[in-house]
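Two complexes follow with chain A in common, the first pairing it with chain B and the second with chain C.
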Partner chain A sequence: MSLVTHRASNRPVTRETSLPGGVHRLSPLPRLRGPGLLQRWQERAIQATLFLAAASSIAITLGIVGILGFESLAFFKQVSLFTFLTDTQWTPLFDDAHYGIMPLVAGTATVAAVALCLALPVGTITAIYLSEYAPHRVREVVKPFLELLTAVPTVVYGYFALLFVTPLLRHFIPSLPGFNMLSAGLVIGVMIIPYVSSLSEDAMRAVPMHLREASYAMGATRFQTSTRVVFPAALSGVAAAYVLGFSRAIGETMVVAIAAGMQPHLTFNPMEPAATITAYIVQVSLGDLPHGSLGYQTIFAAGLTLMLMTLVFNIGGHVLRKRFREKY
Partner chain B sequence: MKIRKDIAQRKRTDKVFSLVGLIATLVGIVTLLALMIDLAWDGTARLNWNFFTAFPSRFPDKAGILSAWVGTGVVMFVTALAAVPMGVAAGVYLEEYAPKNVMTTLIEINIANLAGVPSIVYGLMALGLFVYKFQFGMSILTAGLTLALLILPIVIMATREAIRTIPGSIREAAFAVGATKWQMIRHHILPYSAGGILTGVIIGLSRAIGESAPLITIGALTFIAFLPASPFTGTFPFLSFEWLKSPYTVLPIQAFNWVSRPQKAFHLNAAAAGLTLMAMTLAMNGAAIWIRYRFRKRIKW
Partner chain C sequence: MVETLNVSPDVLAGAAVKARVQDLSFYYGTHRVLKNITLSVAEKKVTALIGPSGCGKTTLLRCFNRMHDLYPGNRYDGGGIRLLPENTNILGADVDPIEVRMRISMVFQKANPFPKTVFENVAYGLRVRGDLKKSDINERVEQALRGAALWDEVKDRLHSLGANLSGGQQQRLCIARALVTDPEIILFDEPTSALDPIATGKVEELVAELKTRVTILIVTHNMQQAARVSDFTGFMYIGELAEFDRTEKIFTNPSNKLTEDYITGRFG
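On to the complex of A and B.
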């Protein structure tokens, strides 16, 4: 093809060249080429590979749900769901085996409650302080330090709870046992402060300035503005922060395994030792249970319970966020 | 007169609250300091050359963390090798290729949810899938892959955020001189987002390095008195992957083992191991902050 004729008009795309003697001749332009066949295939192959990498995250979820579901199903073939939910003892590895998840759920709930009682108020007030009160310099110094709290390995937190916080608490409550849910809960509470505070602070800083200005113009103090204008406006984001804090609190493993004792025990009293769902999984994993035995399946049933608890709260949080979402 | 009193009262509340806020902020920081001082107080005495070059032992003063820190290093290597290509590829796809459709939304929601799954659940999944289904056994390979899955959401989110800061004009400029999409990504997007991605990877690895719960469920041992096989061999092909199948222990597991013992002397070892671990994570976080700072200074859009 000497003349390029693929344009919409029929006139060939040409350029003028002057030849000696004033003769003008029209010569064809070099053809502009897009990517060649090989390159197009390469592009497509790359896109497919990248897509597979992104889709693999779904495979992970399916893997989690599949494994937990599969092993739990085997478990529930031998233990009825009713027993699982109503029996008040959890002793799957004893001769007199009982399979009631309630003691583990109670332990998990108690530790999480202690942790949240500390982390939600402190985290929220920290967020309000950093977003509304603190001078720029203070914020720049404090924030990295708070984020360091999330970088501390959980084993170290466990060590701290068992060998620092518990002896400290014993000065005030002499009857406190060496393993107890109170110190584990308090340490987990401190651990999740940064999760609560940084997400909440982001939400508060996203509240448009004109709302604050309107409030100040009415003569409100900073405290009134923070608590009655900024906080309600940021409630959707704050709720998300709370849900994340909750997920972290019930999923935390090492601190409770080290400091709260590992005996399943139906109690809501934080001054007592008790096992959580996660601590039970650790305890069983440290031993040597044969693959496929009922004891092996119990940890998957416990894990599934933990997943469902997280899921319920995440959905609840999602609903809350939808309800409180403010548009500006 | 009453209104003046009211105003004074409100101003006082405001002052009090600003003090309460400062105290609340200090709760976290004071605890962090107390934790570090407590750990250093208990642990520094045990930090000597022998502690780093000895295997664990029944005698607390002879026990060391050689197998633990080697294990941590090797497991982190596998984790990085698996998580970085996967995470970066997924992030690039979601930012540069993904069409706006149900599949993309599903992937995005899914990644956000994965970030909230308790780490021990990853361990249970790996126990069922890697250890028994794929028959990888309780090995370094299983541990590395498990932690890779755990930090994958962190790497993906960091990649996406880094890519998002690159202005569209860069892409248009590349297309205008005839680059294909992949050429544009390779020559522009990836180099410009490298700093942000690296920061995310380091933060992710610093989270993985302190993680012990999932490794306990997939059978990390606590008493390992040997090192994994060397990857270099004297005979052809000079490389061996035998070490991937080796049993292992890591620093947090070793510390957990020591803190769970009743003897006080082992607690000191646990503190020293915890101190080593803290130093590693703090160094990694420091490096991440430094890299972020350097790249921010160098690239200004």
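On to the complex of A and C.
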């Protein structure tokens, strides 16, 4: 290696160094031709196209954030941030208008919590089963069915919550109102199970076999291997699955709009009706509020809040992912 | 067909027998990878298995802790492996592979520490049994790390990740992990093939030291290694045990032409 650098530094490249002992010198290697002009432009054009495609996603995101920020700014000129965060009522369309986002945040958080209480355990257990226990054939059948759950339109889930799950729950909880966050949350939970289980399963299956073998070789059972070696080793991928599940849960609109009721209501009790941020946005954007009115601008402020919530959790997930990224 | 020599009774030269492989065949699906292997493993000695790639030496090794049970389509056939003194066939359908693995542990080709701390890596074998007090675990982990000549290097970072150790240290960590449960046999599957010469030397020293306490079966590609560390050597060729004898005899005066050709580097 050192010979080559030495040679390259002070002499033209030859096939063989000439030695004082009389080994004759070979002619220098032919000069290599660089790419032609056309080829060089082609490369640049390809690179530029690829760059633009990648940049467009950033531009679109920034554009959305910009518009959200701009319209929200107009909103916050009339309603102080303090009122927005502390008022306990959200009635922007009433004569006695209140602009407290907390009832919507509470509704969103409650529905998401119910959904995650169902989806995370069931999704994780399903993933462990599919990755560590299921024979090949069972996995080949179960996985597509699970993924089919994501293909069901969310409006169908919404009516399913309202017309099937709520009546069912009322058998057990007679006082349950017709619109409630519990059934909406449970149905959203079912909806996001495949996201959680599919990504978690991928992460667990990516754990190299030699780690499992090491565990079995120490006399561990399959369950011990799954829970003490495979699951911790896959934790960063599993955390990513959870974050995606969470984002889906708080961003879900149709189910809550249909089944959870539309009245903003500051409560964390899932047995009550309430509106979520998304439900409010869909309600207002379908209405006939004049463009530029304060009522119209509330949906941007609400949208910004939702985006910030998701962002915080995505950042949290990112930190978790880095923290638990395992070397194996 | 390779000429299979019968193992003469004096090969083990008076050493006690720890395990007896009897007429063992093994199939991956329909492919017969081991053909009628018969071999005795001497207690508290090092037995090496050598042979060209694909000869079945690792397959034979992995029969000893029933690693093959983890994958579908594998099948053992023949007389099995009898573990002494009880004389139980550890490949028997009535024997729980987990119990076999609790008594016969393994060190793999590539160091494969768990994504856990140094301490937890070693303690794993105790934790999965789950019947020890904390103080006992601490003591046995320390003993195992000392046994693997790693204690002095890691005693100040028992709670940092095992993966942060150097390659050689990781392999000794895996040896400590295998030692902690006080196994009767340790299987080494080419334990130094990914290590540099210095780390290799340390592992070889360790193997020589360990044999005062435990029976060792080692698969190696490196014939010098087999010559250095083992007391007995089996030469395998295309699924058969072509020759089995004292290491000294195999490397100085092999009876089988194939063995001679292999150890003199004519093929393999």
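By our rule, the second predicted complex is superposed on the first by the 274 of 328 C-alpha atoms of A that agree within 3 Å, B and C clash if a C-alpha of one lies under 4 Å from a C-alpha of the other, contacts with A are read in each partner's own complex, and residues count from 1 in each chain.
Throughout what follows, a residue touches a chain if its C-beta (ideal position, glycine included) is under 8 Å from a C-beta of that chain, and two chains touch if they have at least 3 such contacts.
The structure displayed is predicted, hence computed values, not measured ones.
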Joint occupancy of chain A by chain B and chain C, clash or fit: fit
Contacts of A:179 with chain B and chain C, given as first, second, both or neither: neither
First (chain B), second (chain C), both or neither touched by A:242: neither
Comparison of chain B and chain C by chain A residues contacted: B
Which superposed partner A:224 touches (first chain B, second chain C, both, neither): both
Partner chain(s) touched by A:156 [first = chain B, second = chain C, both, neither]: first
First, second, both or neither for A:57, with chain B first and chain C second: first
First (chain B), second (chain C), both or neither touched by A:90: neither
Distance in angstrom between the closest Cα atoms of chain C and chain B, superposition on A: 8
Footprint overlap on chain A, where chain B in one structure and chain C in the other make contact: 221, 224
Residue ranges of chain A touching chain C (in the complex, touch as defined): 135, 208, 210-221, 224, 228-229, 232-233, 326-328
Chain A-touching residues of chain B, taken from the complex the two chains share: 10-11, 13-14, 17-18, 20-22, 24-25, 27-29, 31-32, 34-35, 38-39, 42, 85-87, 89-90, 92-94, 97-98, 103, 106-107, 110-111, 113-114, 116-125, 127-129, 132, 149, 152-153, 156, 180-182, 206-207, 209-213, 216-219, 252, 255-256, 259-260, 267, 270-271, 274, 277-278, 281-282, 285, 289
Contact set on chain A toward chain B in their complex: 35, 39, 42-43, 46-47, 49-51, 53-58, 60-61, 63-64, 67-68, 70-71, 121-122, 125-126, 128-130, 133-134, 142, 144-146, 148-149, 151-160, 162-164, 190, 193-194, 197, 221-224, 226, 244, 247, 250-254, 257-258, 278, 281-282, 285-286, 291, 299-300, 303, 306-307, 310, 314
Contacting residues of chain C [partner chain A, same complex]: 65, 67, 70, 72, 98-99, 101-102, 105-106, 108, 110, 112-116, 124-125, 127-129, 161, 163, 174, 177-178, 181
